[in-house]
Each structure stands twice: as structure tokens, then as C-alpha cells.
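I'd like to ask you about the structure that follows.
Chain lettering (A, B and C) follows the sequence in which the chains are written, and residue indices restart at 1 in each chain.
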Amino acid sequence: MRETNLIRKMSPEYADYLFDESRTMGSADYISFPANETELAEVVRRCAENRIPLTAQGALTGLAGGASPERGLILNLQRMNRILGMRKDADGTYFVRVQPGLRLAQLRRALAVKAFDVAGWDEESLETLKEIRPGQLFFPPDPTEPTASLGGMASCNACGARSVQYGCTRAHIHALRAVLADGRITSLERGRERAEGERIRMPLTDGSVLETGLPSFETPPIKDAGFFIRRDMDLLDLFIGSQGTIGIISELELKLMPAPKHLWGVTAFFPNDEFALAYVRAVKGRPDPGVPRFPRPAASIEFFDKNALDMVQRQKAVTPAFRQLQELPENYCSAVYVELNDDDPTEMPAVLTGLAEVLKATGGDPERTWVARDAMELEQLLFFRHSVPETIDLIVEENRKHEPCITILSTDMAVDDEHFDELFHIYQRDLQASGLHWIIFGHIGENHVHPNILARDRKEYEQGHRIFEKWAGDVHRMGGSISAEHGAGKIKRHLAMIMYGQERMRELYALKRAFDPQGILGPGNIFGDKAFQSSDDSSAGRSDH
Amino acid sequence: MKIYVCVKQVPASNETLLDPVTHTIIREGTQSILNPFDAYAVEEAVRIKARRGGSVTAFTMGIPSAESTLRRVIAVGADDAVLLTDRAFAGSDTLATARTLAAAVKQRGMPDLLLCGKMATDGDTAQVGPMLAECLGFPHISDVAEIEETDEEACVVRKMTDDGYVRLRIRLPALLTVLKEINIPRLPSVSGVLRGEQAEIVRMTGEALEMNADRTGLAGSATRVVSTERPVLTRKTIWIEGTPAEQAGKLRSFLQEGGPIC
Amino acid sequence: MLNGIETGGVWVYSEQGAAGIRPVTYELLGQAARLAHAMKRPVTAVMIGRDNDQAASLAACGADQVLLAEIPDEVLPDELAHTMVLTELTRKYQPAILLMGATGFGRSLAPRLAARLETGLTADCTGLEIDPKTGLLRQTRPAFGGNLLATIVCPEKTPQMATVRPKVFPKPVPDESRPVRIIRERIESTDRCFEFIERIPAAEETDIGTAGVLISIGQGIGGTENIAMAEELARRMGGVLSSSRPLVDSGVMPYARQVGQTGKTVTPKLYLALGISGAIQHMAGVAAKTIVAVNTDPDAPIFGYADYALRCDCGEFLRAMLEKN
């Protein structure tokens, strides 16, 4: 492919673009940094003409290798990082239009302090901006890494601790524009373009229409694993969660919500995991017999096992940045963090009294808790939460120095409420028996926690993968999903196969190929394409089942 | 040991932001918090009490809503708190503030040790601590990085000076202003927050302190603000565009023009 | 006039450090001379302690006379002792203005003295002028975290006291031909705050105040990995890592590395600001030949001060800078 200013040959100066946060190393021949949708479409068109695969990247914070290129061209969207405008609809809901490379932290800051780069905004956007106050609105999804890009979050349907109350990224995307594999563009809005049963007729901006059909099954209702398939679905949902395998998102319209006026956080320490789980059940509204009801719904719930706390404690001694972390109480074991939205601070004493009762009934202790009552104190608790994945990063980096094949080994499988405890105990049993270095922490509110295996050598790394495969089978048996939020990406695509089975994977792949006949978008994501070489003849739809 | 701590409620942020469309200063959305330096003084007081027994009392001069700041201080372990609030105190400069605090301290009974944060994040003057010491006739040491030993008679402290750290001994009663490196302030527990909510905060007015009107408030202040203005920036900025790799390359060439940099 | 010292003069407190008179004293003498000229009064430098032939340097930088209060040797200046001495001297000679360096000691001594004298004190002034109409000292300092400049006066009490941070004003060119006039006083200074035990050797020798190249990190630096890269870049550029206040407040960087109004004033040839927003209180501490700013927020105030502006993520910038070996 001819090199231009827009499409450059790969060179060592771009080495950092070969891997995402999981440290899955990729390879590429070209790299491009489009500044706008027009350039993005042009790059895709040129790749299509030359049959060159491409992998889209946002901020490279993914944990599943989804942005690590598997040959071809790297399509890095960091220059498409602006907020393009905003509007308010008839019932008072605010929407903001953004480019996919915009980072969540930038969006949050802009909304919190009302600081926007309004160059090029239309009249309606400027008028809407005048009305809003700093901190009035917020964008609820909160994946642990706030430097993630909105495009990346949409591609893997990122969730976060707050999904318990607010749902995942999908729930907050109202409209999007995407570039398809041949460079044509579609502009879709929730409620406007829908499938008719299983038939899809997707209008494109050049007036043409893409026709095909949905797979015969619907994806699991608990958590999405890559694709979202429903009869009569909103067409834009095809692009959300599918990790760049159907099209490249070039613009997003996000639905904002009124920011909770007040945010409290409470971290409680328990002498063992069983008590912690009993507390979590109560917080989620399913208290055990004899345990009082939790006084108010929690906006987010997170769990840290003893290994996670030990790890942070050790790191504290070594890393100056962790110096200001709270000192853990004596004889700590597991911890549960609960976030409470509250518009009326005067209600808090009653809420805390109720919370204290639940603690006492589940084996906790109201004196062995940390309470954050304002933004600054909350930052301390959030800093603590964030220190767990950051410490994992530091340890994996260290281990990679001896064994480059090592990546982050983390899963986020999810099952429904009834099966959660069973899955948790499976994790514990298998990990304890493995002899590996492991921790469990995460968004226990949506029933997915992240068991992390910190492999010290190749043998342990492979052992870790085998354990994940075993769990994929267990989760499948329990009707759950293998990837609640990270996405299967590349690291866990074999897990996708286990969860869906051969037949359904073929159908999903056929759907993908309907949009991408040459198979150039996101090679290696979700589908290990070698497995599907036999089905790359179909190009438009498939027969009804 | 009888320990007093003087604390202040300050705005959560000093940023004055301009509205991008109207170019006026945005004043809404300001929360109030406990002055960060004071949290360290409170934590140190609570730790000393845990080691040596005694009591910790917090004082603050402010508007009635400053009561919430005092409840926080009780939540992390102070025994009681006093709020000095009166319209007559409004407009106080650091000297008037120090006098008012001193009057309250004298009324409640002299402590063995008085701790203050080094300075408040809104004023940044670091003046009230030493002034208060003078008003009380206490010796003082500023910039304390560590309280190494303390008994009924004296403290040994590690203090930061412009030429490095020194170890000093100070006889009690005394006033110390503390630095952030002295400890890590704890977050309250659920029980602590509830104790703070239920505590009774003592309020004292100018009359209760028997202060003359010319010793406090605007009338008792020796300094006055006569004007404020926005500073003007006059540099000519060159924007360097491109990907990070391109930006780094261009920056290098610009800097190299001015002599080898790296 | 008493002992040849006119009342209503401009006084500069001459602070002794471990290495002799602190440089801020000379910077203040330069300003004092300007103020005294407007007031048609003399400049008096006040030294507490032994002479050690330093009076000449004070005269050379603007002192018309040196008031030397001899007290017994101190290992470390004591706030109560100096308050006692200065109280007696100011009551005797009645200066109109008293300037002190806003050093660690100055910021502890000045308020104690002001409280004893029941006069006004303005800390960390960046501007000093005599108001031609009122004859009062107009003291300018940043307010609201540096986003506004406030001008303050002390209309009724004397002396009008002000402290100024080191390196805010330039050191005047010494004029060795100026006459040296010393007036000696012996004053009881029995009050003491503390008993000196010992000095503790410093672990950290780096002085950002003298570095020629500073890589300065702020809250937007983006994590420990980036801080490590910034350190590496500083090493490669023969510079030193410094920091804005939030990272010091949160314990990530030591206070000795803090640049700004409440930290150190720095005068490097190159100041590379990474993830620093550029609040005036920070920039007040930066007097650099070239300022380069890296920040993802196009509205960050630092871009108004920068010679070169890069809208870029700090981590990506650092990786790009370090790749070029």
C-alpha cells in the first residue's frame, strides 16, 4: 500500500502502539492517526482496496488485547478526541456528541468544571452549554481505568463498579456513526433503526442499504460477551461490544444523567470471605435470614480479598506514590467497598446507622470501617481501589522482564445471583489448589469479580490459561458469560468459543462477514479466524433457520 | 495530656474558572472541607492521646456551617469541639483571628499542647499559628515533621528548616505547627461518623469571649485589601502539533536551536 | 533621629543561615532602597548576632546603616529571642516599614513579631510600592490560589510588615564604595522557644533552586510509571525532577522538590512542565528562560506562560522523548 502522510509505514518509533494494557504484543506494517471521520473512512477504504487488515485503537487501556494489532494497519484514533456538541431533548435529558478517541477522564473533567473547547460548535450546542452548571451532569459508566477512550469503552461495552445501579456503556449510548469495512458510513440512533425480527436493513449515509440477517439465537441476558443479539434490536447495538469486528465507531452520542449531589463511600473489613459475601448479599437486597435490610441501594460494590490487600500493603513500602494510602486495620482479611449516591446529606446518619446494623449481623464491625464523606475523602478510597490494578501492572511488568510471554491474566466471568457464591467458591478452590500467586477483587455488585493470576514463568502462565478454560466451562454450565466487560479480545477468544459453542460462533462469524466480507476488521478479536476459514464464502445474509 | 487543635474550614478548591462562553468567573459548586493541613494536626493529636491519655478539643472560628467540620474532627477521635461564631468576627485578618482564638483558649482553660496545621489552603500565610502562640504567651515551633517524644513537661520534635532537619526540645505548654509528612490522617469509621453527628458542639460568641469590638473582625484587623485584579499574561506561545512522536521530534529541534539539550 | 537613625525608615531584617547571610536579604535591600527613595528616608539593615564582617555586604547592596544587635551565639535562630530583640529595636527607633524574607524562619518569626507589636503583616508579597497619595506601603500578593492579585495596606499600625519569598526580586549589583555605618545595640534576649539538640544530616542533596534544567511534574502526570520516565528524562537531560504542589501534598514527591509560591522559586534555563495546570501560585515560583508545557487540556493556564505548547498525554510524550537515544 502506498505510503502517504495519513498512512505511514510502521517504524520503531511507534513500538508503543503494538500492545494494550494487557501487554499482548502485536505486529503491524502500517499505522494511521486520522484526525476526523473523513480521514478515518479514507484509511478504511484504502485498506479494503489493498486487502489489508486493520485494528482500531483508542487509548490502549484494554485488558484483553483487543487493540493489539494482528498484522496489517494500526488505526489509532487518539487525534479524534474532541467533544463536538451537546443538546437537550424534550424531556430534559442531555446528550453530548464525542469523537471515539476522547478519554473518559477528559469527559468527566469537562462536565465537572464546565470547561469545553467549543471551536466549531453549532448554535444549539452553545445554547445548551450556557444552561448547564459545572458538576450538574455526569456520565455514569466507571471502568476502573479512567483514561480509557469512549470508543474503546463502546467497543467492549465497558462496565464498572457503578453498573450495579446505572448499567454498562451500552445503556448510555444513544446514537453513533460507524465506518464499515468498505469505507461506507452509517449513522444510527436508538429507537430509529431497528431490526425487523431477524432481518437487518441498515441505511448508509450514501443512500445505499446493507441487508443481512441476525443469528438465530439471542446472546445471554446476564452479561454481554462481545455481541448483543436480540430480535427487533436497535441496529446501533451491533457495534457496541463487538470490538471493532463489525465496523469502526467514528462518533458517539452519549446520554448524560444528573450527577448525584452527594457521594459517600464505605469500606468495611471482614475477618473472612464468608462474612464479606454475606454482607454483599445484604447490600444487594438479598439478606440472609436474620440480617436486616440494607438501608439504601448501593451505586457500586467492590470486593478485595486478603491477597489483594497484602499485595497493596507490600507495594506501599516500595512505591512512594502509595505512601499516602490509608493504613489497613490490624488483622485485616477481606474488604468490601460500597458507594452510596445521596442527594440529601442529612439522611446519611440514618443510612449509616442501618449500615452498622447490617455489618454487625454479617460478622463485620462498624469500628473497622472507613467512611468517605466528600470528594477529597472519596479520592482517598478511590486511590486505594485503583492501587490494586496498578500494583498488578507493576508486578506483571516485573515478571515480563524474565518471561516476555507473560501478560495480565485476569478474567471477568459473570453468572446470575443464584450461582455467584458457587462460582466464587470454585475460583477459591481451584486457585488454592493451583499453587499459583493469585488475588481476587472486583465488581462484586454485578457478580463478576476478577480473579487475577500473577504468573511468574511460562509454565504458570499456561497453567493459568488452563484454569480459565476450566472456569469457562463451569460458567457456561451455570448459564453465565465469559466476559462481562473486558471483552474476549484476543486473550480470551477461545473462552468465547467455549461459551458459545462451535455452531453459534459460526453464526456470529457469518454476521461479522456480512458486514466485513474480506475479514479485514479487527483480525483476531473474538474470532480466531483460522477456525473459520471454511465459512468465508458467505457475503450477504444467510438462510433463515 | 490536654491537647487543643485549631482548625479551619476552607473552600474545596481555589480554582476560579472562567465560563468559556460568557468569560465570567464561575462561583457555584464550591464545597467546604477541613483545611488539609489541619487534618494532620488532628491526627497527631489523636495519636498522642492514644499514647499518653488525656483529651483532644478542637476549636474553629467560622460561620455556623463550620460546625460540620468540627463534627468530622470528632468523628476521627477528638473528644469535643468549640465553634467561635459571631458576625463581629467577620472580616478578621490573621491577627484578629489569632486574638479571638486565644480568648477562647483562655476561657476553656490552657492546654498542655496546642497543634495547628502549617497553613490554610485559602490564605496560605501560615501566620495564625505563631500569632496565636504569641497571644497565649506560649513558645512555638513551626514546620514540625515529627513529634518524637512527649511527656508532661516537654516535647522533642524534628523540625524542617531551610538548611535541613533539626531536633529540638520545647517545654510545655507550647504550640506546634505541623507538616503533612508527620502522619497519614485516618478516615473515620461508621461508628466515628455517628459519634460526630451526635456530639454537642459548644458555641461561643464575642460576648461570651468578652472581646472588645476593636480586637476582632474588620475593626480588629490591621490590614485591609484595597484592590484585586487579574494578572495579565503576555508570552507568545508556539503550539507543536502532531502525534507524540512528531511532537517530541519537533521539540527537540526547537530546543537544540537554543543549544544542545539532550 | 536617635543614634543617627531617623524614625519612619525602611528596615530589612538580615537573616543568618548556615552559610552566612541569606541571599533574600540582599534582594530585599534592593527593594528597600527603591521604597526608601520614594519616602525620602534611609534604609536600615538589622542584624541579630555577631558581626563577622558582614555589615559591609549589606551596605554595598543598599543599607544606609546597619543596626547590629549583639546577642550570645545561637546555633539556630530562635523566634522568641529575635522577637524580643526586634520589639525593643522597633519601639526605640520606630521604622515605618519592616521587610523580611519569607524563608522558613522568616515565616515563623514575622507573625510572632507582628502579634507582639499588634501591627499588620502581609506574607509572600510579589509587589511593593509606596502610594504617592497616602505614603503607605502597597503590598501585592496572589489570592484565590493565584488566580487574582490582591493589594493590601496597613493603614494605621506601624511598622508595616511584609515578607517576600526568595528570588521574587533580583539581587542588586553591589556597590563597594558605599560607606558602612554600624550602630551597635546590646539587648537582653533571654526568652527562648526551644533547646537545640542536633542537626539531622540531609538524605536529599538535590537543590531544585540551582538546577539549570527542570522536568517538573504535576497532577496530570498520569501515574507512577510516568514519574519514573520523567526521572529518566531528567537524568538524560542533565536536569532535576521537580513538582507542583498537589504531588507533594499527596506524598508522592518530597517538599524539597516543590516549585511555587509555597515551595521554591526556580530559575532554570529550561522548565519542562508535564501535566501541570499552571495556576499562578505555581508559576509565581518559575522564572525560566524557556518554558515548555505538556498537557492534554487545551485550556490549561500553563499554555499562557509557555514558549512551546504540546497538547499531548504525558506518558506518550515521555515515551516518545525517551525512545530517541
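We take it that a contact is a pair of C-beta atoms (placed from the backbone, for glycine too) under 8 Å apart; a residue touches a chain by one contact, two chains touch by 3 or more.
Bear in mind that the values here come from a model prediction, so they are computed numbers and not experimental data.
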* Give me the ID of the chain with the smallest distance between its Cα centroid and the all-protein Cα centroid. => B
* Higher-contact pair (C-beta pairs counted), A-B versus B-C -> B-C
* Of all the other chains, whose mean CA position lies farthest from subunit B? -> A
* Structure fact -> Cα centre of subunit A to Cα centre of subunit C, whole Å, reads 49
* Asked: Just how far, in Å, is the C-alpha centre of subunit B from the one of subunit A?
  -> 41
* Distance from the CA centroid of subunit B to that of subunit C, rounded to the nearest Å? -> 21
* If you look at subunit B, which of its residues touch at least two other chains? -> 15, 20, 36, 184, 245
* **Where subunit C touches two or more other chains, by residue** => 251, 299, 313, 316, 319-320, 323
* **Where subunit A touches two or more other chains at once, by residue number** => 13, 78, 115, 117, 323-324
* **Contact footprint of subunit B on subunit A as seen in their complex** => 13-14, 33, 78-79, 113-118, 126, 129-130, 133-135, 266, 268, 323-327, 348-349, 352-353, 355-356, 359, 366-377, 380-381
* **subunit A partner contacts - residues on subunit B that touch it in the complex** => 12, 15, 17, 19-22, 26, 28-29, 31, 33, 36, 72, 75, 184, 186-194, 197, 243, 245
* Which residues of subunit A touch subunit C in the complex? -> 12-13, 15-16, 78, 103, 106, 109, 115, 117, 147, 319-321, 323-324, 390, 393-394
* Mind listing the subunit C positions that touch subunit A in their complex? => 222-225, 227, 250-253, 296-299, 313, 316, 319-320, 323
* Asked: Where on subunit C does subunit B make contact in their complex?
  -> 17-19, 22, 76, 79-80, 83, 103-105, 107-112, 114-116, 118-124, 138, 142-157, 191-202, 213, 233, 236-238, 248-249, 251, 255, 261-262, 270, 279-281, 290-292, 299, 303-313, 316-317, 319-321, 323-324
